[in-house]
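Some structures are shown below for you to check.
Each of the next two complexes has chain A plus one more chain, namely chain B in the first and chain C in the second.
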Partner chain A sequence: MNQPNEDMKRIDELMKTALRREEVPSGFAERVLARAEQRPAVTLEPERIPWFHFFSRPLVRWAAFTAVTASLIAGSLHYRNVRREQAKGEAAKQQLMLALHIAGSKLQLARSKVNGIQTSQPRRERETNRSRSKS
Partner chain B sequence: MASRPANNQLDSPELGFAEIVRHHQSMVFSIALHFLADRSAAEELAQDVFLQLHRTLPSLKSEDHMKFWLRKVTAHRCIDYQRRRRAPQISLEDAPEPVASTHSADPFLERRVRQLIATLPEKPRMVVILRYQEDMSPEDIAQTLAMPLATVKSHLQRSLAILREKMTRTIGEVLI
Partner chain C sequence: MRSINQKSLLSVFLLLASPFLRAQEIKLPPDVEKLSSTAKETVEVKMDGPMLRWASKFLSAEDPDEQKAAKLVQSLKSIYVRNFEFDKEGAYSSAEVQTLRSQFSPPEWSRVVGVRSERDGENVDVYFRLENEKMAGIVIISAEPKELTFVNIVGPIEVDQLADLGGEFGIPRLKTKPSSNRVAKVEKGDHK
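For the complex of A and B:
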């Protein structure tokens, strides 16, 4: 066998010898058992399940999908109703404003007529008094 | 005892666990000791691994599964421990003095080899330890460390080249 192989074999042997298993300190097992006894009884640690795994069940997934769809439909219907009510209110407001405007202008007309009557009445009275004194 | 299934411990859980600890303690402790080069840290880490095993035991299906689990958890805990300690890449001079083996052919040589191994980066060091202490194949190491096989092979090749170079430089006259 050539020299490098011999060297490698020797190093291999040396590594195996240097890294052979060691004896544990005396009383090691007893110390482990004493520590184990201080702990709670042998139990498997409960597996932690992420919250979103809840939705991995088909039934839950369908229920969630249905709930989301139903709430979307209900929300859009409610929004449409609100918009319709708002539009109705706006139209009523416009009608009221128009009615008030018409009523205002009618009132103005009536007042001007009343004023016209009041200014013509004293002249007539003066004319009748003058004709009486002549006679 | 080596082929004893893990589920047998259900008959008497604590007795079964004690047997398991005694059976695997050397493996777990040695991986930690060779990696950390610190006897008390290695013992503490090995104890923590067995306490974790105590909690996980019912989910382990066989002896092989348990052995695989122990190696995996020990390796990852060692690497995590080293990172938490924020130990910088150490030079050969700064490498901790490894514990002398009780039945060594050449204690000086072995100590130097362990010092050299301690200078390797974390993952390559663990690959080398699993390869030579546990005699694991690169495929098994890749599975244990959750690493691509090519990475394991390259870590092994590179680490051996580095170690060989350092060995011939520092202890060449003893080795050859």
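For the complex of A and C:
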């Protein structure tokens, strides 16, 4: 039964010794103040906001999404139109070349016929002259 | 005020002159038009001035033939080519061709070549239209046993350059050939 009482007494003593009043050493306050003056003053920097924080607003986010989608659609439409125009142009070029080829080949045909007549005529004349001289 | 009067006078003149300008148009006889239904292969190319200019933008500067073509078409007003190819001979009559030929008479047109070949049945007519002693148009009508071709080119044209584009010794240099039974219509112009 005595054991708990003794323990309580010991704790009391320990508390008394730990919380006993002690005199401040001489020059303590001056030393603390001197050290505080030596330390550089802490300046508070303004908080940095990341660039994408701008898009955290829902309205801005939606506006950006709409703008990107619209530009993608416009770009793809423009690209498709350019491709279509190019395909039409290529087809027109082929038609033009075909037309010029047909026209050119028929002109050549006419030319070859005329040349054929021109070459066959002197031959015929020569043959008739030869037969006349023989007779 | 004066410029407005000049403009109005010009527009009135154009309005009055339009029937005469249209008179230069060449019409294929209806019988010839009908030939496309019996032909094995039909080619029709109609291109007016702006269309020619636009098409020539796509011509390659590296290809010598396309280079020649670009030079040739830069001052042309229109090109009209109609070509029929048949399986058998006698698909068209000489009267039909004669109706076509009759549209090209002096003084507007002068026939520079007229070939009639009884041996192989190849008949070719070439007509020139001159304006102020300068070439203003060419018409070629080629009637072969299995083929009928009509070409009308309006504008100043170099005939030698055009003949060069026809290939060499009858061998075409063209890379593409029209597919069977295809009607190649590029643009609907005023020609009929």
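To be clear about the criterion, the second predicted complex is superposed on the first by the 72 of 135 C-alpha atoms of A that agree within 3 Å, B and C clash if a C-alpha of one lies under 4 Å from a C-alpha of the other, contacts with A are read in each partner's own complex, and residues count from 1 in each chain.
One rule holds for everything that comes next: contacts are C-beta pairs under 8 Å (C-beta built on N, C-alpha and C of every residue); 3 or more make two chains touch, one makes a residue touch a chain.
Nothing here was measured: the structure is a model prediction, and the numbers come from that model.
Engineer: Between chain B (first) and chain C (second), which, if any, makes contact with A:R39: first, second, both or neither?
Structural biologist: A:R39 contacts chain B only, not chain C.
Engineer: Looking at the overlay, what does A:A110 touch: chain B (first), chain C (second), both, or neither?
Structural biologist: second
Engineer: May I ask you to decide whether A:A63 touches chain B, chain C, both, or neither, giving the answer as first, second, both or neither?
Structural biologist: neither
Engineer: Taking the superposition as given, does A:K16 touch the first partner, chain B, the second, chain C, both, or neither?
Structural biologist: first
Engineer: Which partner does A:R31 reach: the first (chain B), the second (chain C), both, or neither?
Structural biologist: It touches chain B, and chain C stays clear.
Engineer: Touching A:H101, do we find chain B (first), chain C (second), both, or neither?
Structural biologist: In the superposition, A:H101 touches chain C alone.
Engineer: Could you tell me if A:K93 is touching chain B, chain C, both of them or neither one (first, second, both, neither)?
Structural biologist: second
Engineer: Now for A:L77: first (chain B), second (chain C), both, or neither, which partner does it touch?
Structural biologist: A:L77 contacts neither chain B nor chain C.
Engineer: Find the residues of chain A that appear in the contact set with chain B and again in the contact set with chain C.
Structural biologist: In the superposed arrangement, which is not itself an observed complex, chain A uses no residue for both chain B and chain C.
Engineer: Looking at the complex, which residues from chain A come into contact with chain C?
Structural biologist: 86, 89-111, 113-114, 117
Engineer: Contact residues on chain B for chain A in the complex?
Structural biologist: 13-14, 17-18, 21-22, 25-27, 29-30, 33-34, 39, 43, 46-47, 50-51, 54-59, 99, 101-102, 104-105, 109-110, 113-114, 117, 128-129, 132-133, 135, 160, 163-164, 167, 175-176
Engineer: Mind listing the chain A positions that touch chain B in their complex?
Structural biologist: Residues in contact with chain B: 7-8, 10-12, 14-25, 28-29, 31-33, 35-37, 39, 42-45.
Engineer: Can you name the residues of chain C that touch chain A in the complex?
Structural biologist: Residues 43, 45, 47, 51-52, 54-59, 65-66, 69, 72-73, 79, 81, 83, 113, 115, 117, 122, 124, 126, 138, 140, 142, 149, 151, 153, 159, 162-167, 170, 172-174, 176, 178, 184, 186.
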